[in-house]
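Here chain A shows up in two complexes: once beside chain B, once beside chain C.
And now, the complex of A and B:
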């Protein structure tokens, strides 16, 4: 994909997403779960015995919220709709892999989301000024990189599931089921440090902690094994990328357009 | 009097028809039910695990013991099942009716339009949650030493009904706004996300959030008050306020629907 196509694709998708800014604002707002969990954790007797300090908890859950906002992927839904409406066939004829189109849509949606997330974060700091701190620049860069990689992980995982739509119309059920281990193992509802060791080990054997917990701890300035985290992320990416491309290639061969 | 009774019967008969046909058509998709079962089990196990993190030896959450907090989780599961079975499939259709102009046909039917829109279909997807939620409530309440005397049982059922009415009214009012703004259907996602706060007793939150969840978004009346009634320790002040909130929100949903219909000009005009 050359630069010109990328520019055109991104700018058209951005214009398109701007039309949907009301919805996107509501979606951003529907990610409030980390703040609810912060409410419970900040008051819990268990927090102090687990060594979780209140300010650090505030930073962690805010970072978790931000990371979630910029790593969300919805390929399955977009793909399912395109396949159902028959838009997929013209996309397949174009000399551009359709996944690039979805990727551009996601990036454009993130750009639309940015002001809303910034407003929510600013409100959070106004309500809890003691949690405000600027991360060191190199830490911030690492957090940014980790968030991008987390998005790539999410995107590839979703795209692989979307490819399964070529075989079964129920593939979106798989996405629904995957959301459950994600919810409880990613660190969105509790810092993984609060989990019993066995549970933590189980979580780290899955890609989910790298989707929220790892980038969020980097952003919040919490304790985290930087090199090991990035190594694991790269490992998962190297596993998912070929899998996704393979599923796509074999899936397209099975594809018969709607109505055919 | 006889007229009113036969009117009630007519609505009950209609309801049985609605849900009977919905169930019959949904039973065609048994795989979906399996997915729902797995999702329910996973969600409940995860929520219970998460809740257990707050209970180290001798620890409480907002003054609630582990079994008592499980009652709250059980009620949340039950309500979530009701939302999946009734609220989402029915109220989600309002926006479609508005977009496609089929709301006109609903308004022409010789039956109350709010009733028709709220009860037209039933999805068995929420049934596992309803059953398991009820079972969890009963089991945890028994372990927590709740008294199952007729009066406290009646009070518990009354509080549960009130919480269902409040939940329904919240959903219905949000869904009704789509008559003016089609995009507001997405705000039910925000509602759903915020209601997740009902997984924990309201006393577990800091003071500011606690008043927010009582006065602005009545999460406290959805799960905490019924749980206290089931545990036989609801104060009469809370019971009365819960009934009042339920009655007022139902009335408000009714008036709001009338107001919305007044400004509804069908799609073709």
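And now, the complex of A and C:
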């Protein structure tokens, strides 16, 4: 992979995603779970049980929504379909690792999603102007970096699951199995600070909090252990990257080019 | 030195078997039964640089599996393959830059974008600079008679236009070895002819080595002086197409137009009677008796017109596979 391939892949995938802009807008709209949770927790008693006021809650869930929008990965579904229908075959016969194509497709999809997410966030601020605040530039940069790393984590986790397609035709079922722990342990349904200590400890032993909670807290200006968070993210990335490559190397030998 | 060397190649697939019905479903769920299927067995051959070789066999004979192993898409279970000095299954960059695999009805072009977008991606992946990629696209587009189709979304192209664009994409990096699996599948007669003439032209211009499978014998007879015949995973013929016809059909077909119907003629004195309809008679005659028999026919009978031909190769091969005469 070099700069030119990256540029061409990204611009081509962006053109492709623009063809599906309406669908992507609907995807963005369908990711409103954090706003539903905001509605639930905004009741005065519930909010106080979390130790957060309405404004902090609003900022957290908006940040959760934004982070989720830019950390979504669907590589397992795309890969599974391509592997089952033989579309993976031409990718394997080109001197470029097929995962780069999926990565480019994700990044292009995020770029397409950006205006819709901005519109939803702007609407949120219009409805709740008291939650609007400009984060300090340094904090904003850290939040951006954390969001990008969170995406990398999610992408590598899903890519590792996708590699299981070489053994099982329905590897995406495993991804669906992970959805429930992800929802509860990532901080998407509530800030982790609201969880009982044992539960919180359990959550931090998984990669899930670093996919939503950590970058969302950075973006929302909430309390967060910055250095420890980034260390944990790097640790998970260093674990998942070789795992993914190992699964790929082992699994691709089993590829039978079904459907081709 | 051979560009493609295949030695005792084998591929075995493990297939899960399930009996029909509910009981079969439960049994399949509790304890899966597998069966090993030998798709390719002990296949050996070599192909020299620049050769165009046809790969023939009925459905499920092992043609596509062999092509997948030659292109590095799947790993062989036994034996060895070497293509352009590489072990294909390692899929090293230097190897991938020298080969291409085109599978009819399978596409690498991005469905919703014009072919030019996919070509830009391929050019970048194979490290072609913009000038060179433009030149090659122009050259191949001219050979394939493609023009404004390259700027239309792939989904809006006809099957023939799409296949030509697929070929362009597959050949942009100018591979030395082409593995073509049914490249004319589903195309109309004109489109088939265009693809055939393109492949012949490509082979002439760039000296590319081609291994081609096709169910259309016209592809094989037009392009491939040499053929490999495979049946039930085993190679049972490797040689010239003309020699194959000779081996499969040691006779010539003679068509006679008579001045009047002659129902009483003892045709077996001349050869094997294939058909006799009114004034038209078809006979099969052994080549070593052909001249003498033709002379007798012309002497004995009121022949208005006479035509000698080889029986169509597809008919011979089809009969061969149907009769299972290949063991």
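Definition applied: the second predicted complex is superposed on the first by the 254 of 260 C-alpha atoms of A that agree within 3 Å, B and C clash if a C-alpha of one lies under 4 Å from a C-alpha of the other, contacts with A are read in each partner's own complex, and residues count from 1 in each chain.
In the analysis below, a contact is a pair of C-beta atoms (placed from the backbone, for glycine too) under 8 Å apart; a residue touches a chain by one contact, two chains touch by 3 or more.
Predicted model, so just to flag it, every value in this text is computed and none were measured.
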### Query
Overlaying the two complexes on chain A, which is it for chain B and chain C: clash or fit?
fit
### Message
Output check: A:246 vs chain B and chain C. Expected answer is one of first, second, both, neither. What do you get?
### Response
neither
### Query
Is A:256 contacted by the first partner chain B, the second partner chain C, both or neither?
second
### Query
With the two structures laid over each other on chain A, which partner does A:205 touch: chain B (first), chain C (second), both, or neither?
neither
### Message
Per the contact definition in the header, classify A:33: touching chain B only (first), chain C only (second), both, or neither.
### Response
first
#### Entry: chain A residues touched by each partner, larger count belonging to chain B or chain C
B
### Message
Just checking: does A:238 make contact with chain B only, chain C only, both, or neither of them? Give me first, second, both or neither.
### Response
neither
### Query
Once the shared chain is lined up, is A:119 touching chain B (first), chain C (second), both, or neither of them?
neither
### Query
Of the two partner chains, chain B (first) and chain C (second), which one does A:183 touch, if any: first, second, both, or neither?
first
### Message
Quick check for you: in the superposed arrangement, does A:8 touch first (chain B), second (chain C), both or neither?
### Response
second
### Message
Could you work out the angle between chain B and chain C as seen from chain A, using CA centres and rounding to the nearest 10 degrees?
### Response
90
### Message
Quick check on the superposed pair: does A:226 touch chain B, chain C, both, or neither? Answer first, second, both or neither.
### Response
neither
## Note on the structure
Shortest Cα gap between chain B and chain C in the overlay, whole Å, is 5
### Touching both chain C and chain B, counted on chain A across the two superposed complexes
none
#### Entry: Partner chain C, residues of chain A touching it in the complex
4-5, 7-9, 12, 15-16, 19-20, 86-87, 89-96, 253, 255-257, 260
### Task
Write out the stretch or stretches of chain A touching chain B in their complex.
22-23, 26-27, 29-33, 36, 39-40, 42-46, 49-50, 170, 173, 176-177, 180-181, 183-184, 189-190, 194-195, 199
### Message
Looking at the complex, which residues from chain B come into contact with chain A?
### Response
31-32, 35, 38-39, 42-43, 46, 49-50, 53-56, 59-62, 183, 186-187, 189-190, 192-194, 196-197, 200, 204-206, 209
### Query
Which bits of chain C are touching chain A when the two form their complex?
13, 64, 68, 71-75, 89, 91, 93, 96-97, 99-101, 103, 106-108, 110, 112-113, 117-118, 120-126
